[in-house]
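The same chain A turns up in both complexes below, where it pairs with chain B and then with chain C.
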Partner chain A sequence: MVNCRCLTKVVCGFDFAILLHFAFLAASFLLRLVVMVTVCNVSFMAMFTFKMGELVTDKHVKYILSVEKRKDDFESVVMEHLRMNGAYWGLTALDLMGKLDVVDVNEVVSWVMSCQHDSGGFGGNVGHDPHILYTLSAVQVLALFDKMDLIDADKVTNYIVGLQNEDGSFSGDMWGEVDTRFSYIAICCLSIIHRLDKINVEKAVKYIISCKNMDGGFGCTPGGESHAGQIFCCVGALALTGSLDLVNKDLLGWWLCERQVKSGGLNGRPEKLPDVCYSWWVLSSLIMIDRVHWISREKLIKFILDCQDKEKGGISDRPDDAVDVFHTYFGVAGLSLLEYPGLKPIDPAYALPVDVVNRIFFKK
Partner chain B sequence: MKNSGWKWVLSKGHSSIDKELRLLDAFQKADPRNFHAWNYRRFVAALMKRPDEDELKYTEEVIGANFSNYSAWHNRSILLSNLLKRKAEGYFPKENVLEGEFELVHNAIFTDPDDQSGWFYHLWLIDQTVKIDAPLLVSSWPSHGFNITLQGNKCLHGSGLCVLNSTLPNTGTLPIILYFNQAVEGVNSSTVNVKSELLSGDLVWKPLSTNNSNNAQVWVAYLDIRNLEVQLSKTYVVEISLGHSKGIVSSSGYDYGHPSRVTFELCIQTAYTEPVEQQEGKSNSWKDDDFQKFDHLQESDPICSADQVTSEIDHIPTTSGRCEEAVVNEINQFRDLLSEIDCKIGKLTLARLLTAVDSLPSPRANNMVNTEEILQLYDDLMRLDPTHYLYYKDEHSLVLLRQITSSRDSILPYCHYKKTAIEAFAGYVCLRLQNLSLSRMGSIENLLWVQTLDLSHNQLRSIEGLEAMQLLSCLNLSHNKLGSFTALGPLRLLKSLKVLNISYNEIGSHSIDTRRYLCSSPLSHTEEFAWDQFEIFADSIGISAATFWEPFLIFQSLNLTELDTKGNPVADENFRSFLVKVLPTLKWLDEEDLS
Partner chain C sequence: MASGSSEVEEEEQERVMLRDRPEWADVTPVPQDDGPCPVVPINYTEEFAEVMDYFRAVYLADERSPRALSLTAEAIHFNAGNYTVWHFRRLLLELLKVDLHEELEFIERIAAKNSKNYQIWHHRRRVAEKLGPDARNAELQFTKKVLSVDAKHYHAWSHRQWALQALGGWEDELDYCSELLEQDIFNNSAWNQRYFVITRSPFVGGLKAMRESEVLYTIKAIEAYPENESSWKYLRGLYKGETTSWVNDPQVSSICLKILSSKSNYLFALSTLLDLICHGYQPNQDFRDAIEALKIPDLDSQDLDIASMICSILEKIDPIRVNYWIWRKSRLPHVAQ
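Our next item is the complex of A and B:
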């Protein structure tokens, strides 16, 4: 989920039997979609096309759906193991654009559940080993579809609790790799299923703070260099545990706002190239500590919009590069955080639409 | 390239440590910013117990080859922190070490001011130079040496009259506020000794934290004077001492610095009586015409400023002369840089250095000498680097507030009293800070005495820190940029707040809430949602928790008599009926009499 290597393509493959059914659905939906979207967006777009350029929502929806159909090319096969992450990226992007209903809920949900192991953890695909990364994505996807009742909360909790180490850190799986990313994932996942009290929160927070650096940022392990992806995970985990008072918001805020380069895009650490995925990691961190006004929102919106492929749909890491679902999600989520019109608001800590988060916490 | 794979290889004995280090050297030459390699290097160095000094030398080599290596600077900061903390041989005193480090980082910054690699290391060096690790008391209310006279449910200072608007009449308690230089925990009746004949039992200290933490920069306790068996007209001394026993600790583990004492006097002339319900004919006015400036301040006026003595300290901490020397040296270096290149990092660093010099706790008489220059630098930066305009604006606001609250003379122009006070007395002080382009609040440690505050017509997006103003009873925030209900979070901790004006803000115009995780709520597991109480309102007006949880969370904990919300997109009829239900004590809503 937060692997900063830029992946070229991610596949949410489906069985061939469903493929045809899906293709037919997609075709008929797409036609209605284009008409609907055009009518609704004309008023919004009229206002903004002049100033900031246009978000070609319908093209992106088409792109995401097309990616799900592909499963035989080399890249799809190579990325098969993180299909669960891909599902989360694609489906959340669709929901933010208000188009989650074009997907067959039951197909997706049954596939997600088939990736769960006895241990309670979820694998990246059917038959793949469980890992904390895919467990969070699975829970998030089920939350999107309001299918929380399908989750055996105790089972998932046991899996995650088993991954907490003595020092409060979390391992990704039974093979033991420790990274603050996994602290965020554990805390986020347990929060969604209302089981945060089952881990040692105090120790978890203490471990995250031990990864705080001279620049106010956070690394993957104690002593690790500050990196926007890790900062998002640590700040997110601290936000969800009510511990943001332990963050030096002014110091970190300055480091984060200096990620914005001349082109308006954001990089992940000093003297590196901008990338659309940082529109999520840097931006959501800035929002959680209330320092987002320290960057230029207009310039960042323009950068993200310039990263679109306006013909075929999809968003890439920087203008004129190849698109992928990973960057499409981060571009759309970033625009949502920037209050771009026509997109549902996303919660910066849970990385789920705000209405989904409200449903989780404020529906009795 | 996964870290865990390499570590596994080593642990299985498939490679020797020395070989790994040589391999790493080669790898890092090829890819000096690869953080996996640096992580692995840390792992290998620890395994072979390589001294920090040697690793520090390595970072110096890397930087020498190419200063534009943030990873090397970062690692240097980790290694140096360790060496300084344990006062390793050759690394003590810290001033010697820091001097050399400043020289090293100048190479990076002065050669290419646009390269960020050295910026953050330099800022860290400044912090290492001026910081005071130990928590200390910065201010308190009542202040040291204060003289309070209570007359029934009114409170006087010396010969001037100052009514504690609502604190005393409504709660019968007097707050005692302790403001530290950083967040601490462990403030309780064993670590803070309060001696007075007025006390019958121990005081209960509460942390003023907006996210329900037990760690806070400001703590408060309430002195209950309702049932006191007191001798009238006798002057009681209240002595607060801290730091005499261990327990007050900062989040980095440092103990409270120096034993200190705050002493104030209390005299009760007439016994406290329950207040009579006052029928006030009109709502609170904030209009210019209703206020008059003070033309001078009397000793007895209840106004505090930064130049007052905070407390009696057994050993007054002064910064070492070397610290001031180091900062002044840096100032000269950066003035030289700016004379050659007009660069952003030059101006920003100079502004920060001048601010540091002004804030040094030295016995010099004239602090704040550099304010004009600092404000000008931030103005320049707003033009030079418009992308980060609002960052410089926030810093500008902080400097301005520091200057305004620095002395009685500087705060005088902002102190007003009501021309038509309810009773014929010199009136209470209203601090009027409107139209100052303030985008952020600060210097709250100098504003603990304020009861009526006008912050209207500014650009405030948050009121972070206001929770410390325990005496605040009337607050005007109209015509600002507050964008959500959660931005009002600090007000939940103000027991005395009665009159609130939040008209003409931006509540309801933003889909994204930037204060959400800085306010206690179920989302951050710092508070449970009060379903039972919510359902009482929900049914009668037909609202859902999903859409109304934020205003419910905020307003349910306030006891307002007056509220103005007009001009906010969210303020519609539905919202007004909700407010009337959730604030039973409300008498005036949007300037309309509710009775």
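Our next item is the complex of A and C:
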């Protein structure tokens, strides 16, 4: 009312009723404009999605759930000992697609716990020796289901602490294989169970930095070729220990964005073929060092979507290849990082849905 | 106890199921416990299932015998990724005092079928470690064989690096890298190995001592294939810790100019020139002329300074990374606004 009065003072000579009439016209015009813009946005999104292809979520859910009774399937046969990893890939992908509830929590959890050894480490399956790889996956799966209270944190910590070597590196198990993958796994796992302070963090970081190469990337051991998978592990470990200042983000960012090839996909090293799993390793690394805008988001999304088997579900390493749970997870996780609609956001360092990470750190 | 030959014979003959072999009659196989409703249940071939059932029996009984050793070999043939089987095999190798040279041969046979497998390489390292310097030639030969099939095989390179450091054999390594690069100048692993040798070999004088000859080598490689990301990165790496030397070395700037003047595959030449300028290099008129001669259409004529011009060109010729080049432009030390 005050404004109308001011207006009539300024626009002297105008009849107040006419002014109101114009105001009403303007308002209804604005309303129509808003409606039009919304409709345009929706149809633009539809067009956008159509042009880019769509994520056949339901098919992927069916595929993941069906990764079972397949006779004479070599892939199934060789996965028996790493079922814990397989469970993490499948279940996290389901959670990102909002379908974790189709799985029976109690069955999964009791199976996970049956893979734990007295040492505190978890094996890849029932009756398998403990290994740091499966210990992280087990903890991550329990986190997905909000069953952290089942974890004897001291026991798991003991196991992992026992795997740190003098130089700060980590072994995978009692046999002593050293790889920066294990540095990430140790740090990620202990961070999730709030026991990161139990290892020698300084030495762990020092070892990781010793694996930094002149191109800004990281390898599996000092002098090892820079590889996107190892880079994810090193950057992730540095992120979780608050040591990202030790990374040359501009140099590494450039190395990482150079992974994008013409097709839009990402490779893991120079002059190698693109592979969907690098949509995770490269992408999460870029996000952690705050350089993800240096790649073409649209082209990468298109590449990942092209790797789907739209009939049977599942995602493969590159278009028209055979699908597997590993690449299905990394494709979905990559799309989540790219904020593809309909997927829950995923944390690039913990490789768990953001709401799960929040629950770990903020739940009382 | 020979771990190798009996398996070879078996492969050639038709395979007999364990339940039909008299030497296994006393063992009750233990089936896989998937629980009532398996989470990620797996389907097995019948033969594989049987082998694993018998393995489980000996593993649970902790039977450390020659037949158990043979069984691990069969299990590994079916599934070389099963780390528990490898673990048990190592315990058996130790106890039964198996000839480790034969074990190396066994591993090589398995690797022939599935080399992209962490367990094989890890096991190989454990065995080679035990053999010590004796294993040196075997390890270099083995990795060379694998690399002859896949010259970028990450595990093979990792193992080779370990072998050189633990067992020696550096003397011929640089030549080996040159050999591989001759076959494929784009092999990033071979470039990485080259760097590994010149920085870590006890037989060369270190990076600085090697720089001159390596720069010559790298420049030749760049001239041949200027679109090769690895060679440009390697060149930069030769001046690690001495950026001023890199900026001031006329060989570096002149190779950029040469490639630019060729008007072909000049992307990395441009980005290297950009890096040089950002570190204080002042390009002369030849560079400006060469860039202008590229005749890039629709260039922003406002880019009077050469660095901005380079960024604009890179935005155009490397559109997938346009955001990176825009950022580089924004970070130029002397951007005139």
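Just so we're on the same page, the second predicted complex is superposed on the first by the 308 of 364 C-alpha atoms of A that agree within 3 Å, B and C clash if a C-alpha of one lies under 4 Å from a C-alpha of the other, contacts with A are read in each partner's own complex, and residues count from 1 in each chain.
Basically, a contact is a pair of C-beta atoms (placed from the backbone, for glycine too) under 8 Å apart; a residue touches a chain by one contact, two chains touch by 3 or more.
Everything quoted here is computed from the prediction, not taken from an experiment.
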item	value
Contacts of A:304 with chain B and chain C, given as first, second, both or neither	neither
Which of chain B and chain C A:246 touches, first, second, both or neither	first
Partner chain in contact with A:296 - chain B first, chain C second, else both or neither	both
Partner chain in contact with A:234 - chain B first, chain C second, else both or neither	neither
Partner chain in contact with A:90 - chain B first, chain C second, else both or neither	second
Contacts of A:260 with chain B and chain C, given as first, second, both or neither	both
Contacts of A:287 with chain B and chain C, given as first, second, both or neither	first
Which superposed partner A:196 touches (first chain B, second chain C, both, neither)	first
Touching partner for A:156 - first (chain B), second (chain C), both, neither	neither
Common interface positions of chain A, toward chain B and toward chain C	175-177, 213-215, 219-221, 223-227, 253-254, 257-258, 260, 264, 269-272, 293-296, 299
Contacting residues of chain A [partner chain C, same complex]	67-73, 76-83, 86-87, 90, 103-104, 107-108, 110-111, 114, 123-124, 126-129, 131, 172-173, 175-177, 213-215, 219-221, 223-227, 253-254, 257-258, 260, 262, 264, 269-272, 293-296, 299, 325
In the complex, chain A residues that touch chain B	175-177, 191, 196, 201, 213-215, 219-221, 223-227, 239-246, 251, 253-255, 257-258, 260, 264, 269-272, 287-290, 292-296, 299, 336-339, 345, 347-350, 354-355, 357-359, 361-364
Touching residues (chain side chain C, partner chain A) in the complex	32-45, 48, 52, 56, 59-60, 78-79, 81-84, 87, 90, 118, 122, 125-126, 152, 154, 157-158, 161-162, 186-189, 192-193, 195-196, 199-200, 229-230, 233, 236-237, 240, 320-324, 327
For the chain B and chain A complex, residues of the former touching the latter	2-4, 33, 35, 38-39, 42, 68, 70-71, 74-75, 77-78, 81, 115-117, 119-121, 123-124, 183, 209, 211-213, 215-216, 251, 386-391, 394, 461-462, 464, 510-512, 514-518, 520, 522-526, 529, 531, 544-547, 549
